[in-house]
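Note sheet for the following structure.
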Amino acid sequence: MIFNKLTTLGLTAAFVAAASTVVFAQDDTSKKLYLGVGNTSADYWTQMIWGATQVMESVGGTVAVIGNDFDPQKSLQNIGAITAPGCEGCIFTWFPDSPAFTKTFVEKIGDAGGFITTLWNRAEEIHPWDTAPDAWIANISFDGVDAGYQNGMELCKAMNGEGAIVVLQGVLDNAPAKQRTMGLEKAIAECPGMTILDKQVGSWQQAPAQDIMRTWLTKYGDKIKGVVGQNDAMALGALAALREAGLAGKVFVTGTDGSSDVVKQIESGEILSTMSGLNEYQGAVAAALAYGVRVGDIKVADLTEAQRDFFMQQILITKANATEFLARKPDPAEYSYEAIKADIWAKSAGQIPAGVN
Amino acid sequence: MTKDTILMFLRRNGALVVLAIILTAVSTAAPGILRWRAINSLLQDNAPLLIMIVGATLPILLGCLDLSIAAMASLAAVMAAMLSPALGSASAYVVVAGAAMIGGLQGWMIGRLQVPSFVISLGALGIFKGIGMYLTAADMVGIAPGISVYETLGSRSFGISNAFILVLIVAWLFTLMLKLSNLGRNIYAFGANEIAVYISGVRRDMVRAFAFAASSGCAALGGVMMISQTMFASATVANSLLLPALVGVVVGGTAISGGVGGVLSSLIGGLIAILIRVGVTISGLPPESQDVAFGITILIAVALTTDRAKIGLVK
Amino acid sequence: MSNLIKSQGPLLALTGLVVIFSVFSESFASMANFAAVLEAAAIPAIVAIGLTYVLMQASIDLSVEGVASLANIILSITVANSVTTTDIGLWAIPLVLCAGLLVGATSAAVSIYVRMPSLIVTLGMWLTTVGMAALLFPDRLPQLLETRITQLAIDKQFGLSWIVYLTLALILVALWVEKYTRFGRMSRAIGENEPVLIMSGIKVNRHKIAAFALAGGCYALAGILLGARIGVGNTQSGVGLLFPAIAACVLGGTLLSGGQGGIRQSMIGVLILVSLRNGLIQIGVDPLLQSALEGAVIIIAVAGSTWHLRRKVRVIK
Amino acid sequence: MTTAFSLEGITKRFGEVTALDNVSLTLNEGEVLGLIGQNGSGKSTIMKVMAGLHRPDTGIIRVGGKVVQLRSPLEAAQAGIGLVHQEQSLITSLTVAENLFLDKPATSTRLGVYRWAKLRDRAKHQLEKVELDIDPFTSVSELSFGQRQMVELAKVLSLEELVHGHLVILFDEPTAVLNPPEIQSLFSQIRRIKHRSSVVFVSHRMDEILDISDRVYVMSDGRNVADRDKENVNVDELYELMVGKQRVNREDRKPRNAQIGAEPALTLKNVTVPGEIEGISLTLAPGEILGLIGVQGSGAETILRTVFGLSDRWSGEIDYFGMPLNVDSPPQAVDKGIGYLPAERKTEGMIRNTTVSENVAITYGWQHGHGAGLISRARERGLIHNWVTKLGIKTPSIGQRIDTLSGGNQQKVVLSKWLFGKTLKVLMLDHPTRGLDPGARSDLFGVIRELADQGLAILLVGDTLDEVLTLSDAIIVMKDGRVSARIEGVQATPPSEEELVKAMV
């Protein structure tokens, strides 16, 4: 009884205190970019966030980073929380955790009178020009098919066009997983000597990938000549299993992401290749588009489809360019709003074709 | 009112009090949240979660747990989308009815196989997920456009989200059922002492089957509501809803051990959890500390809403 | 025979799985594959050890993934690593283990003294520890440069890494604790009949706090070993540990209602799950259907191994 | 005679209820004190205060003249006070040896680590005292009911070695679940330990109290109302003090004029439950009360549970009003009009944490409802009030939580569940008066007779010979799972108790 009383009072006090100390800047909505990310603890995300932050800071704005842990429901709740108190003219750059939710997110922000650029995920059927077209400015992704293809061809080259490979897939219904598989299949079509021995789901994670690789090694033994890890974490998991078997460097491994760990292994020769997107650039362009439209520098009506739904360039990292890649240091000046706005689509790799999402 | 009656009121209605406190706190911080449009939009977004919370309450009242609800919602979304071109509106009804039957089967199996609900529904979770993956080949399925059920669920009447109206109707029906029907009486008694209820001549397998049918049916309804917003289904579309649903039920004051609580309390619990999430997001805390803030606030909310007088041993 | 089924149901289920997979796959029954199974089972086994004591006491602990991730992050930023300058060497291990113990003890203390079910307390603790891991995470993935830790996964003795040997040692200790210590004996008794123990003057709350603290320590150890295995600190490293661990305990016969089961049973449960995952890959089942098959096997195995316990007058829940 | 233990001016309140009101009690060395009183009179509370389970609000406890605080059972044990529980307090998943020393200071562990060998020796010694020949490392789950009670006793007697001074051993209704030979064995144990212990013995059975006690201490409404040496006991006076009215047994024994139906309601032919009963045949007619009696484990309860659909495996034939009875679960039995009052009130009878009214209405409430599965709490309320009045259930309101009532009132609530419907034809009562005080018992007897008069067929497993003799029209004596005697016309020509006991053992 006493306990209940005390805690009720205590909590009330705490809430009132918390509520009164949090000051909400209801000033210029154009200066605050809401950046929805998967999490903040991986190279890709920190680089992307860095790019967006440079753009916003160059115009005296801020970035509010919101981590959604790859959970679309949490994303939905967070967008709801931001738009609920009123959000006329808010700007968003969001990673829709599942393509199934992209439509809901952009429509929601459209209803609230905001502007959004999306990263990576959209359903095949919807595009920025046909769904909440005034709010959804652009969708910026990386070409997963190309990533799968280029890594596949690199593998083909390394194996001299002959041999069996295994594939560690990402979470199956994620677009990048499907795209990278499509790309790999395209590579196999051009390199018929390369065959897929087995495919399993490593769920983008290192430890499960390691367990699967270990199982494969016992099942197929030295039949395996190459491993496709659909992201870098799984490539590292496969590498760890190969190291255990003393096969590191003998079996070729590819990843995708361009994380520094993997690039270091590429330098040392244990991993063959990985694909790195221009991650900082993606964040910067997404932020610049959202801000530019918001302040009227860019007119949505003037944009073409290829300018609203496009791939960002990416680079294949192999032993040849690994050292150079590690040494690069992005220059903040190149990521200011003005610098990006000068040629927003300079590093576009073209419109996203139909059938890849 | 004397001091004692006030305290009694607080204890009985802990969930309502907490809801009021949090609503006050959040709206002080962001007054815009009290606008009808904002509330409505929050309710619409969270209708799938709320309907799952409503359904999940019934097994918990028995002292059981249904871990398969989120997987069932995803599977239902996938099935509804796949059936929508052929069946039109009927696809939603077929899916919800089918889910209720499967849920009923789950509940009945718990008694027949005498395997705890935790295990049966954990297994069912895997099975539903696998079937969903297999049916869609891990791809997304778009819903056929122009089907009235989905359009209705995605829109509003009298300015209120239809999906949320449906949540209220279902919650109200369940509340009436729990209060006025023999089945409702049996559900509460079952949660208090399963064996005594069985020896009193209650068909416990049927009671359990009903509770699980209700939770599966509501989960499927949640899946249908979800795709009426997203227009796309995938085999994992609702998978992340399991824990929030359980959190909502518990925050509402329904005891995990069974026999105590109710559907309306759970609904209030769900709203509390949603508002806490809103509060944490707009609080301006860095993203890294939001989870910590959410976790701790939820714990405090549960501590306040649990009526300890009615719970014996705390496990 | 019927007695054997009664007492050793889970073991028979495991044997059955092994036989089936050996028949349908040539490579399943090889030394190399058994080693692969043991390697894959090691970390889940450590988690299951911690969880078993908690489950025996009829409580539950959902904070596994958060604690393991948190432990992994603390380890990776306190030993020699590629991001921070801190390097306290192997002292990081006791530090991390203490963090795990502390989280576990906190969960138990809140559950006991605020009188809240452990399910909900540890659920909150799960969210909280995940958040703490994110808070502690430096800007970039810290790579572990402390070779004494990473060697645990790489160095092999007779085809098995030190992680496996460490797990085996821990299992032996856990079995000893279960049989020979007051804590171990009382844990099962608490699950069976807590009021009587309280009346008998047993310090039940201490045993509960100890169980949760030990469990937290086990998850932290799992986080350390995950770090050794993946070589980096990752806030997601613990993801996917919880449900398999609970499923393993339940498969082995550690009932959630408490008072039953034990370390040996839980370890059999872990082996069943890991062999199943391994075997499904070995016999080439469609990856899309794997989770469905796993789910079905969990239900069938538990139903089969507890079939003899069926009584009309029995609480199931 | 020296005083071994005393309570002085003890008061204990639970919320607004005063359970003990300024109670004083002295216990001399080597004395057996019989403690009697109705349910709710404070007997159990006083025992719990002595055992360190409850702390009194005011008052002094002295052990051997010194004032002590008994903060926990452990402290009580260290002071030489041990309680043999009414409800069994053994942990079935632990071994006998562990249970024996569960509530003792940890002498068999060092730094929390068991020393199994030492534990075995010590346990063996304790088991010898109660002449129980089992391995100390047997799990309690493998023991029979009687064996467990002996372990319970041994658990308390092990204080003998632990404490050097004088012991105080408390027995809280130990005989409630024991059969006559077991009771005799218990009494011989009590007599054996008298030389160095004082004993407090609680029972509802006056004959037992008079048999074993040196002094009788009577409680009523939380107060001590009489304290008599055995020599000066006037039984009628004690009953009067206890129940506030004259002893009712004489009247109860008045033969009932039973209207027994010609067609049997229930016929059992050759019913066998492996390991429990074998080849049981009996018939029960409407209006008849058939008493079953036997020692614990004789199988009488199993017959009831089999008819009610609770036995997992059984063979034979059961006819119900001329038709085969196909019942596999209680709901089916209830549908046919069969009711069952289980012996285990707490686990099987009452629905804890729910109200009196929900407990009464759980089975047949729907029969008074609006149809279509909808219930009418308003209509139920009136009917429940009727039963509460008729059975004399003492409860502040029908919305009261059943847990807060005394045992006897709980039992009456559980019984009224079966009387609440319109379709009951056969009622089976399994130890209906277990744990009830004489007042409640005679109330219940009246109800049972009335029900039979209304044409209900009643199958009764009795607690005592007296009870079965009082109520039954016919008696079946069970022994080792078989019928060992069937006695008709009990009301007209009652058999002697000796005759029945002979058939039982």
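Which chain is which? They are A, B, C and D, in the order written, and residues in each are numbered from 1.
As a convention for this text, a residue touches a chain if its C-beta (ideal position, glycine included) is under 8 Å from a C-beta of that chain, and two chains touch if they have at least 3 such contacts.
Since we're looking at a predicted model, the values are computed, not measured.
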| item | value |
| --- | --- |
| Given chain A and chain C, the chains that contact each of them | B |
| Greatest separation from chain D - chain, by CA centre | A |
| Whole-Å gap separating chain A and chain B, where each centre is the average of the chain's CA atoms | 32 |
| Distance from the mean Cα position of chain C to that of chain B, given in whole angstrom | 29 |
| Whole-Å separation of chain centres (CA-atom averages), chain B against chain D | 44 |
| Interface hub residues of chain B, defined as touching at least two other chains | 133, 138, 195, 198-199, 287-288, 290-291, 303 |
| Sites on chain C at which at least two other chains make contact | 130, 134, 137, 288, 290, 310-313 |
| Shared interface positions of chain D, touching two or more other chains | 310, 329, 348 |
| Touch-based graph of the chains, sorted into line, ring, star, complete or other | other |
| Contact pairs between chains, per stated definition | A-B, A-C, B-C, B-D, C-D |
| Contact set on chain C toward chain A in their complex | 25, 27, 30, 32-33, 35-36, 39-40, 43, 130, 134, 137, 139-141, 143, 153-154, 156, 161, 226, 229-232, 234-237, 239-240, 277-278, 281-282, 284, 287-288, 290 |
| Residue ranges of chain D touching chain C (in the complex, touch as defined) | 53, 72-75, 77, 89-94, 98, 102-103, 106, 109, 112-114, 116, 309-312, 329, 348 |
| Residue numbers on chain C that touch chain B, as the complex places them | 57-60, 110-112, 114-121, 123-128, 130-132, 134-135, 137, 194-195, 243, 246-247, 250, 255-258, 286, 288-299, 302-303, 306, 309-317 |
| Sites on chain B touched by chain D in the complex | 180-183, 185-186, 188-189, 192-193, 195-204, 259-260, 310, 312 |
| Chain D to chain B touching residues, read off their complex | 308, 310, 329-331, 333-335, 339-340, 342, 347-354, 358, 361-363, 365-366, 369, 373-375, 417 |
